[in-house]
Every structure is written in structure tokens, then in C-alpha cells.
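Structures follow.
In what follows, chain A forms one complex with chain B and a second complex with chain C.
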Partner chain A sequence: MGGFAFQRKSTHIFDMTANSKAFPKRPFSLRQKEARTAWLLLVPSLVVILGVTLWPVIYTFVLSFFYAPTGIHQVRTFVGLTNYLNMLKDQTFWQTIGRTLYFTLGSVGLELILGLAIAQLIHSRPPGWKFLRVSLIIPWAIPTIVIGAMWRWIYSGDFGALNGLLMQLGLIKHYIPWLTLPNAAMPLVILADVWHMMPFVALILQAALATLPAELDEAAVVDGANAWQVFWKIRFPLLQPAILVALIARTVDAFRVFDIVYIITNGGPAFKTMTITYLTYLNSFSYGKQGTGAALSFLISLFTMIMAFVYIRILYRPEENQ
Partner chain B sequence: MRHLNKITLLAVAVILVLSIVGCQPKQTGPVTIHILTQDQAGMKPAEIDQIARDFEAQNPDIKVVMEYLSYDAIHDKITTGMAANPPAYDASMVDVIWPDEFIKAGYLLDVTSRVTPEMKAGIFPSAWNGVTRDGKIYGMPWLMDTKYFMYNKDILQQAGFSAAPKTWEELIDQAKVIKQQGLVEFPIIWSWPQLEGAVCDFTILLYGNGGTFLDASGKPAFNNEKGVQVLTWMKQTIDDGLSNPSSIASDEMAVEASFLAGQSAYAVNWLFQYSDSNKADVSQIVGKVAFAPMPVFAAGAAAGIQGSSVDGSSSFAIMATTPYPDQTWKFLTYLTSNAVQTKFSAEMLPIWQTDFQGDSLTQLLAAAPSNPITVPAFLAQFPFANERPTVSYYNEASKALQLALQEALTGVKTPQQALDEAAAKWVELAGQ
Partner chain C sequence: MPYRKSYRKLFLFLLTIPVLLFIFLPILWLFSASLSTQVELFTVPPHWIPQHPTFQNYLDIFFPSLAASAVPRTFTVSLYNSFKIASFVTVICIVIGSLAAYALVRIPFKFNNTIKVGILAIRMIPEVSLILPLFIIASRLEMINKPIVLILAYMSFALPYAIWMMAAFFQTVPIELEEAARLDGCTRLGILFRIVMPISGPGLVSTAMFVFLVAWDEFFYALIFTSTLASKTVPVAIAEFVGRYAVNITGMMAGGILAALPPVILALIFQRYIVSGMTAGAVKG
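And then the complex of A and B:
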């Protein structure tokens, strides 16, 4: 408390002047008053936010060290690191991690490439660019559950639009049950996710492109740079902070993918689209193994933090951007 | 900010307190009960909503809020709903494979003392078996369903067949002719996705081949010769282009969609498919669908097996922590009452065995246009409905079997290898 001094006649309702004689009679500075008021106003929100975010995290972390079947008054047994060790020894876990990384890399990679291309297209302001920018929001704005149901029908082996299109183009002779093909199911889920989330990346990059000074492009052109060189040598380095934001946001999101898989494939065929969050869901709710589910949740957090760290190490170079 | 004074801060504090107080539920007016059920088999949501409104009119002190989900989402919705206190739902539809798990979890209210002798005697004993454990009753029977074998009469007629197949081998012979004649590309559609539907269909075939899930000692037996033969046969029908390969990704709704579009000659599905087949807005084969007893394998028939299907019955159970058990029970007994079930028998047949006798049977047959067809089909098929294992770890065991079926059907593993791995998982789960 040594650093704090309270005003003898405070105008605040949280007046603590009862023992103020014990403190030096140094009044609050204006900055301190504002800070105190700000904190007082923030406290209720902080309590709520911490209550609904931090407490579940702590609770889940504690749960991950227990054998905790779902149910009322079920006995929970402390098992230490067993839940974690069981998972790390489980072949299904590592196969699922591999599949999730496949989804993440495929989905985020395609979204970045296509998003950057479309951002460039909008930035060059071709005819209809405003319509394109607005229409980009539509796939992103549709709830993932709806997207999943829509793409499940598109991929249907009996009625699917994809089969209809390919038939009309003469590329196939019979309808193909796409979602039953072990090697095709995951790429198709990735395609649906790219359609859904690519606009998010495109809009972030387009907004970043709009802030870049046009003089740099013009100077490069004057110096004889071609369009590719202008993009690669001028714009791309300056876009790296925005790319970093998009990459981290999308990678974390993609690694935790659940809903679109749940709707399109239910993790099938033969677990070929079973992702780590889906496995967590199964353990937590379908199998009633809350401790295992909690441990999986923290392993997911660990993996996402590692990936974010790698991105930051590779892409975040503030000294170069100054 | 600097101008904020005591009054402003006091006002903020008062608003926050009032907001928190305002979050408390008010207990005035009628009691509201929340009921969870499926939008698939059984009565349609519009019918249940109508029943709820009728009940509310007779019981103005109780308001009923129904929530409908796809079947495959209900188990997990119950689990998450029970994490709250009071629970998210006062009662829920409970499939015949869930009671052991939910009783162990303490989710279901013991309603033994609420069941009247009239209910006990009037409802089919097998319906009570589904909700009774160790002499205690944990729910009110609601739906007695089994999978039926349905076929498109027109297609069979065009192919020159006057009767449906009696064995799966006969089915293959007919399907080959239908395919050769180009009547449909894939004559048979099944529900073999990575969901419970695949286990249901496997149950039908397994028991129809003389197999069983567990042996006398309780150990997995579905990976023995009988089970492997069945799974090999399933895979072969896909490889031969007789079963629609989309079956591997089709739940029962997708099976219905294919069959009602006239794309399949045969379909194995729950009763709802029949009533839907006669609705012109969803069906292109109105009046063309017929039931036949579910075929069995020739070896099974030779061994004396007369029929094989799967028990897909369900009940409504009251959640153990509901604050309104009396009001919920009152609604459930109305919903499952003899009169209501007879009135709304177009989509599901009553659980009351008394409805299938004497004058009551006459009334039941007249209650819906489809009943003269569905009632005999039910009476012929339900006695052969096989139960899936009643164990508390069923859900995880079932998922292991679903994976095995999918691995074999997609060619990832051989039937023997896939079933052996699933059996090993069942042993592991039983030991936990």
C-alpha cells in the first residue's frame, strides 16, 4: 500500500479515509483518479469475464487430472497425468492430430493464397470491385452449421450439385459418392471450409493493402519494377503484419475445427475426417469421459500455442517494419 | 471521466445489482417444463406440438416447451443439459440403448411408484423392459419401433418379380436383375454411416445369419465367423454395385430421400419412411411402397431363424434433478396415453398392447389411412426385433463398431481385422 495515498476528503463513494491520517497528505493526481475510477468501472465486467472464461479454464485444467465420468454425484478419482499419458500413447490421438494438421495446413494455406489473390484483385479496383467486396461477406456471414448442411448436399452421391456439374461437363459418367471415399473426404471438407472462411482472410488483407502508401508502388514502377516485383518486393513485406494476424486467427480456428466436420461427415468415413476437437467432443459428451476430454482440450491449447509461437517467430519482425 | 461523481457511480452500481437480480427466474404464472425429443422417428413435431397445446388447455398451470433435434444429437444434448441445475430439460426422449449409461450417471428419475397397474398391464412388456433395470422403472415407454424391409412394388413388377425376397441371397438375385434391366443404378440403399444407424443394420444382418453381439459369457462374438460373413457380404454388395455406395454416408433420412425419389428398389428403415412415402410433397413413389418381412440369410433360415430386425424403441424419462417431476409426469402420461397414441397413430403405432385387440384394434385400423398396412407389418416384424447390448459403455463400444464397419466397407481393413479390433475395444471397455 506504500505507493498509494488517499485524499482526506475524497469525492468517491469508495472512500477509504477512515485511517487516512496514517498516510501522507498527498492528494491523488488527476491521472491516478482517472485510473482508479476506470478500474472501479471495469471491476464488474472483469468479474463476469473472468468468471465465464478463467474459471472454466481452471476447472477444466483440474478436471484433466481426474478420472471423471459424467453424471450426478459421480466419484472422481485423482489419476495425475494418466489422462495425458494415455492420450500421448494412443495411436488414435496421433492419427487425429495428423489429420487435424492436414486440415489446418490445407485450409489455412488455401485461404491465404486465394485470400491474397482476391485482396489484390479488389485493390486493383476492376469493374464491379465494390460488388465483389460486399459479396465476399456472404459466405463468411452464413453460420457454419448451414454451410456444412449445404456442402453435404453438394457432395451427395445421389443428388449432389458437384456430381451434376461434373456430369454436365462430361468429366464423370456416374455419380460419385464423394463422402464415402477415404482419401477424398478430408479435401472436400477443406474445400467447404475454404469457401466459408477465405473471405475473412481476403478482407483483412484487402484492408491492409488499402493502407499502403501508393507512392511506394509508384516509385518502384518508376525504378523499372514490374507488377510481380511491385507485389513481391514492396507490398508483400508490408503486408506481413496483416498476414500474421490472419494466419494466427485462422490457424487457431482451423486447428479447433468441429462443426463443419460434424455436419458434413460425422468424422467419417472410417474416422478419416476425425479431428482433435471432434475426438475431444466424443470423449467429453458421447463417451462420458470428462477427464480425458479435459486433457485433450489442454493438449489442443498446447498445440495451438506452439503454432502461434512459430508464426510469430517466423513472421513478426518489428524492426523491419519500422 | 473526471466528472463522474458519487451519484454516477452509485447509479452504475444500482444498475449492475438490478441486472443480476433481474437474471433470477420469476416463479409466477404457470410452470414451464422443457421436453427434448427427436425430429425423425415417431410423431412429427407439428403433432407433438398439437398434443402439447391440447394438454395446456386442460392444464392451464403447466406450459410445455418442446425442443426437437435429429436423433444423433440427442444423447449428447442430454449429457450437456444435465450439467446445469436445474437441468436444461425436465424430460427427454431416451433411446433403448441409453438407459444403462444414464441410470449409472444418475440422470433418470425412478418413476416406479408413479406407474399405475393399468399402465403396467396395458403397455407391451417389451416396452417396459427397455426402461426397467433391477426392478425399477426409469421412464414412460413412448415408441415401439423396429426397422422394416420396404420395397418399391413398381420396380419389382417391372423386373418380373411377384414377391419380395425371403432371404438376403434372394435379394441379391433380384437386385442383379433390376440392375441389369437398368431400372435403377443401385437397387438397395442402407444406413451404414459412421453413426448408430450402421450398428442397427449390422444387428439385423448379424442375427439374421445366426450371429450375436455377445456370447454366453458376455464376451464379444460379433467378430466370429458369422459376423465376418455378414460384413464381407455387406462389402461385396457395394463392390458389385447392388448396394448404393452412398449407404456408407447415409443416415436414415438420406436413405429415405433416395428411396422416396425412386432411386432404390429396396430400403431398410424405420416406420416413418412408410408414412412419408405416401406424402406427395416429399415422395415420388406414392402408393408404390410395400412391406415384406425382413429377409434373413439362407444359413440363418436353415438354422431355424424366422426373422431378424433391431429394436429401436424409445421412452420419455424425467430428469432426476428437475424441479417439476409431477408436472412433467402428468404431461408424459398424457403424451403416451392410449387415446392420444391412437389418435396420432399415422406416424407411430401405440405402445398399448390393448390397442391391438378386439374393438380397440378396429378403432386403431380406422384411425389413420396407413394403419391397415402398418399394423400388420408391425405385428409381423416387431417380435423379431433384436436388442443391442445393454451396457453402460454402449456409446463408446458402438462407435468402435461403427469405425470397424466403415473401415471394412471402405476397404481400409479386412472385415476380420476390423471386427477383431472392435471386439478388442469392447473387451477393454468392459474391463474399465
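And then the complex of A and C:
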């Protein structure tokens, strides 16, 4: 790289980049010009992100310290930590957290186990594996609300496919209103979510399996390892980064579940499928308690961030130790 | 040995059957129900294949008679709203997001890393944490039920997502190509539009598809920001079928099939890009 312009030195007294050691090879004026270009390119996106994301998050945080009844002309009063303290004392809150964890662990756990098994199945190249891989795309691509509506009618007590199937198999004598059974509702919602998102996990893991070198397997087989050992001792450790990606994406998503609960059960029966986002929605838009809603939604953000952080720490540590 | 091998193949093939049944049976039932009449749907035991299949449910949506209830009559409006909003969100995200992604990947400047990490963190913020302020502002400006509110609200998750994905794709463009172009006097914008974007074409297609899909899928904002039949998007219209107009179940099944078709067709056309997009979009690039 040569040329006269490149050799000029910056004489600007406020040259903030002069001490930066990041990219020392380039002369200052060029670097400044580059930084200006970068900011120009970033401005449109940053304006949008500041406006629709950063500002609302801060606003929500501030709002969580106020008693804020719904309505434009209502007066807000500063109440300090009251919203948080009330929430922590409230049994409904802890039950909701428990149910949200139930949903998260149930759906993410099943999705990972089934996803890994199906990824391995595709990787073994049975006849028709390409068709299976394409088929997985379909449930993933269908909108969540359509999936929820579909399963709601499958579970329906009046005419549902589940009842019809069980009756024709002779397993039940009468139609059962599945979604009104307190202990059945949540597993049924989880099943619908697994149908929707298990393909996501399977496709990611299948792609990761395909990138593993085949020589490793062959070497292990030559050394006398069986298929089970090959999977757990060789492929599984190498799959960990991909599993981490799927795990974080799914956990963060599952913890904030709303759509599928809203459409299948509406949080019922008797709040048995009420999750934390649903409770926040009710507080903010039905019960008219925006302050409480804001406090709840701040907690959801916090949980989400912590979970992502913890996962990264836990799953990356073994690699460092080896 | 060959015997063992073919047994193994047969065993694996038998394993694929329950998986395929699990995937397809619910969809087939949804489709079959969308071709049924209300009366036939309620028969016990159920008719898995309708004995009197009818396209009436679809006709009610596309050529509504006055007898049809309000929801099927306005479903085409919802389809149009969803198309419009998802397309706008996609175009805006690709245009302004690609500029940002390029700057973050290729131009060194002081806060580069801070912004990168910030965008990743912002991607994780749940919608429910943003809804109150957006709702308060939108009602003060009397913008509820206007498509622009949903377009802006959707940017909150779509734009960080698009930037992160495109950054992952731009990173794979060989830097030597860019350096050569710079020596020839090409500007940064020139490099982006003439070199980086054409080379990462598949990545852009993948990003556009993902953004369109999440915008089409979105329900929470749409539920809160739309209250009139004229402004609803498809997911809200379907939720409406379920709730208030629970009588018209077969109509809802037809609506569900119609709502699922655009994203499924898109995903099947661009299936090659899906997995790379999933990985690029999922937290780590």
C-alpha cells in the first residue's frame, strides 16, 4: 500500500484514535475516515434499534418502579421496589415460574433427545433419508398460531382426532375433554411445541454431524468400537458446540412461550398452563397493572440473559480442561 | 456381511416410519378437516377422509357470500396485511441491515466489538419487555391499527437477527477480493454492493427468507397492536376464528392451511439455505 495520501499524518488535536493499538499499521487519517464510514453505515440500523428496542427496555425498567394503572390519563406514582416485592410475595408468581420451567425443561428436553436421535437416524442414511430431511422443514415453517390451532382441534373433546383415534383403537369408551384435565393440559401443549420445534434441533444437529470427518468413525471401528461407543465417545463430544447453539436458542425461546399457550389453552384449565409471559400479558393488558407487568417483563429479560450466560459457561468449560 | 447390512438398512427404514407419521398425520388431518363440512367433522367415529369433500371453506374465504361470517370474509384482507408487513420488514432489514453488518465485519473502529455484542444481547430481549412503551407511544400518537406500527415493532427482533446473520455470511467473503478492489479505487459502498453482496447472494436470500418467516409468524405484537378486522394479520385472524367464532371450525382449518402455505413453500424452495441460516441466526455466528 503506497501513495501520497496514505503517508500524511493526522494533526488533529482531538484525534481519539491516536492511542488505539488495534490496527497500528494504517495511518491515522485513513483510520479516521474509515471510522466515519463505519458510523455512517451503522446509523440507520442504530437509530431503529435505539428507537424500538433500547429505549423501550429502559422505559419498561423505569416503569417497573411505578404504580401505573392502564390508560393514557391515569397518574403514575413512584413506588420504589413495591412491584417487585409484591411479586416475590405472590404465590401465583412462583407457581407461574414453576410452570414455565416445566414447559421449558419438558419441551427443550424432548426436542433435544428426539432431535439428536432423528439427526443420527438421517446421518445413517436409511432409504428415504432425503425425504425425511425435507419433511422436517414443514412443521418448522408452519406459523406457530396455525400449529396451536391444529393441535387444539386434535385435542378437542367434541370431535378431536386424538379422541377418534383412541376410540377406534378401543383404548377409550367416551370422548375425553383432554384440555380441561388439569394434569394433561401442559404435557399436551408441550407435545405441540415439540412437533413444531424438534425439526429445528434435528436439522441443526444433522448438519453438524455431516461436517464430522468420517475417518474418525472408521478409525474407531477399526479399533473395535461398536456403534454406541462411536456415537457417545466420538460424535457426541464433537457435536457439543452445535448442541449448545440449539440448546440456547430453544431455551431462550421456550422460556418466553406465549403464542402456543394462548391459542391451545388460554392459560387454562385453572391457570395450569399459565406461563410467565402470559401472566405479564394479563397484568399489562387485562388487569390494568402496567407497573407489575413491567416488573415481570424485566425479570423475564434477566432470566433470559442469565440462562444464556450459564449455558455458555457450563458447556464450554469441558473443552478448556481437556 | 451383506445380509447384516440389508437388515440394518431395513431396521433404520422402519425407524423412519413413526417419525414421518408423527410429522404428517396432524397436517393430513388438518387438510382433511378443511375439506369437510361442519356436520361431517362432528361425526363419531370420525371420517378420516371426508365422504363429501368440499372446497366450500376455501371458497368462503376467496369468494365470500353474504351468508359467510365476518371472519372468513375478512381473511383475504389479513393475508394481504401479512404480506405487506412481512415484505416491508424484509426489505428494510436487508437494506439497512446489510450496511451495518458490513461495517461491523470489515471496518475496524473503536466501538466495533461493543456494538456487535450489544446487537447479540438485544436479539435475546423478549418481545414482552418492549411491548408496554411501544403500546403507550402508539396509542398516544393514535397509530394503533396502522401497519407502520407493526413494521416498526417487528424491526425490534428482525433487524438484530438480520444483521447478525448477514455478518456471519459477509465474514466468509475472501478479504483479498476486497483489498484488490480497494487498490483499484473502489469505495466501501462500492465494495459492499459490487463484491460482498453478490458473493454472499445465497446468504442474503437465506436472511430474507428467515426475516419474512418470523414476520409472517409473529403474533404477540399483532395481537396487541391490531383491533379492527381491516388491520389484523393472519395469525390474529386465525386466533379470532378459534376464540370468538368457534362455530366455524372448518373455516379456520382452511384459513390455517392458507396461512401455512406461503412460509412452507418458501422454506421448501430455499431448503438448501435453511440449515446454514438456522446456525447463523441462532445466537452464535
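Assume the second predicted complex is superposed on the first by the 280 of 322 C-alpha atoms of A that agree within 3 Å, B and C clash if a C-alpha of one lies under 4 Å from a C-alpha of the other, contacts with A are read in each partner's own complex, and residues count from 1 in each chain.
Just so we're on the same page, a residue touches a chain if its C-beta (ideal position, glycine included) is under 8 Å from a C-beta of that chain, and two chains touch if they have at least 3 such contacts.
Everything quoted here is computed from the prediction, not taken from an experiment.
Once chain A is used to superpose the two complexes, chain B occupies space that clashes with chain C.
In the superposed model, A:Leu41 makes contact with both chain B and chain C. In the superposition on chain A, A:Thr211 makes contact with neither chain B nor chain C. Touch criterion met: A:Pro182 reaches chain B, while chain C stays clear of it. By the document's definition of touching, both partners, chain B and chain C, reach A:Asp158.
Contacts of A:Thr265 after superposition: chain B is touched, whereas chain C is not reached.
Judged by the touch definition given at the top, the superposed model places A:Val57 against chain C, while chain B stays out of reach.
Counting residues of chain A touched by each partner, chain B versus chain C, the larger count belongs to C. Of the two partner chains placed by the overlay, neither chain B nor chain C lies in contact with A:Gln91.
Of the two partner chains placed around the shared chain by superposition, chain B and chain C are both touched by A:Phe285. Listed for chain C are the stretches 1-9, 55-63 or 181-189, of which 181-189 clashes with chain B, judged after superposition on chain A. When both complexes are aligned on chain A by C-alpha atoms, chain A residues 34, 37-38, 41, 44, 72, 158-159, 175, 281, 285 touch chain B in the first and chain C in the second. Only residues 1, 16-17, 20, 22-23, 31, 34-35, 37-39, 41-42, 44-46, 48-49, 51-57, 59-60, 63, 72, 118, 121, 124, 126-129, 131-132, 134-146, 149-154, 158-159, 161, 164, 167-168, 175, 195, 199-200, 203-204, 206-207, 241-242, 244-246, 248-249, 252, 256, 258-259, 262-263, 277, 280-281, 284-285, 290, 293-294, 297-298, 300-301, 304-305, 308 of chain A touch chain C when the two sit together in their complex. Chain C meets chain A in the complex at residues 9, 12-13, 15-16, 19-20, 22-24, 26-27, 29-30, 33, 41-46, 48, 96-97, 99-100, 102-104, 107-110, 112, 115, 119, 121-122, 124-136, 139-140, 152-153, 155-156, 159-160, 163, 183, 188, 213, 216-217, 219-220, 223-224, 234-235, 238-239, 241-242, 249, 252-253, 256, 259-260, 263-264, 266-268, 271, 274-276, 278-279, 282-284. Those residues of chain B whose C-beta lies close enough to touch chain A in the complex are 1-2, 4-6, 9-10, 12-13, 16, 72, 75-76, 79-80, 82, 101, 104-107, 185, 193-195, 244-246, 248-249, 254, 257-258, 261, 263, 320-321, 393, 395-396, 399, 403, 406-407, 409-412. Residues 11-14, 30, 33-34, 37-38, 40-41, 44, 69-74, 156-159, 174-175, 177, 179-182, 265-271, 281-282, 285-288 of chain A are the ones that touch chain B when the two sit in their complex.
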